[in-house]
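Sharing a structure with you now.
Naming follows writing order (A, B, C and D), and every chain is counted from residue 1.
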Amino acid sequence: MASSKQDVRISIAVAGLGRMGKRHVRTLLNRVSAAQVVAVCSAEPSELDWARNEYKDWGIQVYDSYEQMIQHSGLQAVWVSTSTDVHASQTIAAIEKGLNVLCEKPLSTDIEEAKRVVEIANQNPHLKVMAGFSRRFDASYRNAKAQITNDAIGEPFVIRSQTCDLIDDTGFFVRYAKKNGGMFVDCCIHDLDLSLYYFGDVIPKAVWAVGTIAHHPELKDLNDVDNGVGIVEYWGGKIAYFYCSRTQAHGHDVCTEVVGTKGKVMVNLVPRLDNVTVAQSIGISHKVQPEYWERFEDAFATEANEFIASIVNNTPVPLKLELGLMSLKIGWALQEALLTGERIRFNEKGEQLDGGRARL
Amino acid sequence: MASSKQDVRISIAVAGLGRMGKRHVRTLLNRVSAAQVVAVCSAEPSELDWARNEYKDWGIQVYDSYEQMIQHSGLQAVWVSTSTDVHASQTIAAIEKGLNVLCEKPLSTDIEEAKRVVEIANQNPHLKVMAGFSRRFDASYRNAKAQITNDAIGEPFVIRSQTCDLIDDTGFFVRYAKKNGGMFVDCCIHDLDLSLYYFGDVIPKAVWAVGTIAHHPELKDLNDVDNGVGIVEYWGGKIAYFYCSRTQAHGHDVCTEVVGTKGKVMVNLVPRLDNVTVAQSIGISHKVQPEYWERFEDAFATEANEFIASIVNNTPVPLKLELGLMSLKIGWALQEALLTGERIRFNEKGEQLDGGRARL
Amino acid sequence: MASSKQDVRISIAVAGLGRMGKRHVRTLLNRVSAAQVVAVCSAEPSELDWARNEYKDWGIQVYDSYEQMIQHSGLQAVWVSTSTDVHASQTIAAIEKGLNVLCEKPLSTDIEEAKRVVEIANQNPHLKVMAGFSRRFDASYRNAKAQITNDAIGEPFVIRSQTCDLIDDTGFFVRYAKKNGGMFVDCCIHDLDLSLYYFGDVIPKAVWAVGTIAHHPELKDLNDVDNGVGIVEYWGGKIAYFYCSRTQAHGHDVCTEVVGTKGKVMVNLVPRLDNVTVAQSIGISHKVQPEYWERFEDAFATEANEFIASIVNNTPVPLKLELGLMSLKIGWALQEALLTGERIRFNEKGEQLDGGRARL
Amino acid sequence: MASSKQDVRISIAVAGLGRMGKRHVRTLLNRVSAAQVVAVCSAEPSELDWARNEYKDWGIQVYDSYEQMIQHSGLQAVWVSTSTDVHASQTIAAIEKGLNVLCEKPLSTDIEEAKRVVEIANQNPHLKVMAGFSRRFDASYRNAKAQITNDAIGEPFVIRSQTCDLIDDTGFFVRYAKKNGGMFVDCCIHDLDLSLYYFGDVIPKAVWAVGTIAHHPELKDLNDVDNGVGIVEYWGGKIAYFYCSRTQAHGHDVCTEVVGTKGKVMVNLVPRLDNVTVAQSIGISHKVQPEYWERFEDAFATEANEFIASIVNNTPVPLKLELGLMSLKIGWALQEALLTGERIRFNEKGEQLDGGRARL
């Protein structure tokens, strides 16, 4: 029994020890006082070796099986940070085991499977199940939302949003691309979610997208691109347009603009690592965050703290699980437009009228 | 006979005394030492009254007829700054009269008519005939071009460009909309031209566009919008995407980004009137240029000086007249996509494969 | 006994429950996993009432006496966050009690007393005793230092640094001014420390300062100002100049520039709350951090974590305690120049040659 | 007789064909329609050779003697752009010849001589005589003035202003330093003038300055420095402080901040060549104007046009000639403080109480 709130500790396990899994462990250890990491798991022998050494003094059990990990004695929550193709099945298994779950986005590469996760979560309302749309925990995106809510820009009607990653020469991205569902499902999903965040409840009317391969020719065989541009027209005269890239030279360049009838709010239009600027003979310059981790590290800590707090206090999770379904659906339509060259329409209920091949 | 270069003065007339016509006269009087404004014309009685008073001490003859004006004795050049629907016919009339012509963009709202202008100009190679793509004379766009030529960003493959005007509550824009050819032909034409400027010789492959009416419901009957977003896919894996708006709250917000394999060059990402910044209790702020005039006044002066210099020195005009044809063609296709909801494709010769209605 | 590193918790007490004391408690509770707050103290009845209610479920004992608090069973460390006049005596008492101490800057308003703290700390090398120069824990200042160390700007020879606070209409600052030693000792001390951080071991040669009262006439009787500008010339041709203000309209505006022979590094030249920018009819604007807390919250958390880590791992404190003595000495000389109108010189050993009254 | 305003041309001569003289000729030829350059002069044989060739088709007579040039038939005005030591004598000679004069700042290196110029000009009120404080013609400085006049920042009480030049490795600056009166008279004079522009009528109370030689050891023998920092305290609780440098690595970095009781206005806090920004693997950067010419070219054109207009229209010159006397006086006091290490005081009439050596 905890003698004080300082002694409350939720036992949590992290599934997946890729780049992000390791970072989530570090966040939980250092920045989430109310969490105790009791277990991790991976299917990669090298990650397991690394973890056994790294975590040996930290009271963290290392498993090579997700199924075994979720049976860890006293376990209360799981952070699912594996590849997208197993997000849904692992989340469902954890729920069925009676565990709270924070599942990385997107819930699935299949819309039906994603719906099933939501269904099962809804059948277990005592458990906290949340999808990791980390940007919704970022202070700047939240401030932008507050400005819009407070009518600083009037009625929003156009959104531009981009997710542009630093070029990756290690081959990591291409290997990962096989399992992630494609540019608009994986990379653009946050931007799609932001368009829903700022527009409110909107239904897609038509989408189109094009793409190009600027650096990774291997993507051709995977039916994907490393740079894509898409437009989503929503019913009601609202438009969102997107640029996603895996090949930026200068760093992680993620920005969003929301245009309204009385103004425009911009988040991170010119990215910068910190507030240092250097003047030299070549001009005046500043560095850029190399990866989304540096841009969103604080958001991930906020997300973890708010998720853990919802367990501690038995309050609703900060993001409804259903939120991810609509962005997933639009992401698939954009991906289909990209592959077929056709524009994809929806009726006013949000049912897709054209195509449907890409989703199979 | 001019006794020295300081005494050389090209006699020029300005056709049209709307906002821009008046500004061109002022530029020619104050910032183009080698030009002498000898005549102006307008069909608007109020503009004629204004001009007769304003220019009475300046040695400028005011005409109510373009045809009469171009017969002004000793006239050497005309600046055609009337509405788009008469650009072509007035340019042709001036050429036939043996005059040099600077014609505002776009050459026409009809592609065939635009071609005819080019044809006739080519038959009169001793005359300087130029279309007014003023951004190509802007120091920053030229610097961006130089950076790209000097390989600062590698091979360019994605361009984003926007032309967003301050909201206009006077009704001027809507009245003018009737004659200007639509959002993507009128407002986006500079951005289309910039995509050709930075990509070089590229051929469109497919386009799509959507639009919305945020402020001017009268546009519905004119088959136009006040905010539009479009994508142009070029053959060879190059993509340009555009945002045009007539309803910005904060001023004239025109920016362009060119993404290449080794970097990105940005022009005017955050617009500002001058280099004054004010810190007050509401935060830190700066003003924005209210109109394209404030943004491009220097470019217009450079354009005028370079055009006049080509007459004085009998050198080629700084911009080939043909340049405007391709952007006009793509503008029309975007406008058609906007109106029909369909994507419009082109073959590798640049021949339009879909639709064709909107151009009629 | 801690079964794992996750269970290690240093028992710490916070002295002083003013604005900063409360914030330090919150940082320790939420962002320093290896710390456990076991006690707090204050002499203010209202603060005591507040704390008894606020901390009642958190296992934190509330004391009305510093002397009693430092006898709390199992206590390992104290964070001294009281007013400057008792910093030194409380730090010494804690050391004598065998406790580790993090003492807010400046160590004292009296140079001899400050020296005594250092002396006693040095006699207890097993204890971690550190002065809270929080800017040295800020990511941007550290990055700037790294740039200088890596020769990005050559040899630094001019530093400009300012600490400008939001205007305070509550009277808090004026009440606090009585005990803080004056503008250049209290407000400028961080900037002085930064000049030592970036220049390295430098000795003052001459200083001058002027000030004005823009908003708080009561300061006149306290021999202080609410805006001051000073110059410090260091031996060896190095110059630092400073601006301190308590009366800014727009927020906490703290910036530093270091000019070197090959370039200039700038920290926070244009302050901003986050990366949100808003365009409205009044122009383009962004918010500013209202207080140093918002600017330096992360730095305080880093400071707390690094201090606690030095106890856990028995490693040297990240900042040598002596560091604060030189900046205190220069601060006093500037304050004296401000009050007397005279320039104050030092010899090459750093001994003050002029004046000496102000320090009495 | 001019048949129209377009034919009005004031005959002007430019004295001095150094960097600035040549630029002024170019400005007059290309950007000042109402001016005709009829003559130039220089004492440098190489400059004379250059000019005879350059201007041969432009109807410009090249003189090797100032005295002869001002006798040029029909001459109406002279732009004195020679070295500071002859500014006053040449201005007086031109006035006595009945010519209008635009004299570069400062009027003289000697306060008495400067007063004499003003006296003689006042005796010839039909002539337009103006000192070239070019920043007062810069759009941004004027906008800042308008903001202050319109109470955007309340009552101004602190000004920071800097003039920092790109490092000059050609030796030009050092050669020029012999005749220019020293750092605070030559380089800082614009900043001093700006403090008077924004504060209004203020009287100095005390000044202090220090300097260092970062790059040009030859300056030691000239009793000058290449980097200087100074403070001017004005009677009435107003403070201005300055940084002047000849050794910046990144370009011409000239900025001014005016702090008021309700806000702060900043001009050019982060200098930039144009509105192009480049993102590359090294970060995000922009270029800086290399010299004051690129920063102030438009201001010089405005200055020339307004000066010529005052002759054409027989209106007062835009800047009263007396304006330069006070800034010259303070510049001398700062230079003296720099050389002696003493602070220099003034009484409430502005009479200097300390020192006086440097001025001899």
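Basically, a residue touches a chain if its C-beta (ideal position, glycine included) is under 8 Å from a C-beta of that chain, and two chains touch if they have at least 3 such contacts.
For clarity, every value in this text was computed on a predicted model and none was experimentally measured.
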Quick one: point me to the chain whose Cα centre is farthest from that of chain A. D
A-B or A-D - the one linked by more C-beta pairs in contact: A-B
Out of B-D, B-C or C-D, find the interface that copies A-C, where copy means more than half of the contact pairs are identical. B-D
Dist(centroid_CA(chain A), centroid_CA(chain B)) in Å evaluates to 42
What whole-number Å value describes the gap between the mean CA coordinates of chain A and chain D? 57
Among all residues of chain B, which ones touch two or more of the remaining chains? 153, 248-250, 253, 262-264, 269-271, 277, 279-281
Touching chain D in the complex, chain B uses residues 3-7, 29-33, 36-37, 57-60, 139-140, 143-144, 147, 152-153, 262-269, 271, 273-281, 305
Residues of chain D defined as touching chain C within the complex: 153-154, 157-158, 160, 206, 208-215, 227, 229-231, 233, 237-239, 241, 243, 245, 247-250, 253, 259-264, 269-270, 341-343, 345
Please give the residue numbers of chain D that touch chain A in the complex, ascending. 248-251, 253, 270-272, 277, 279-288
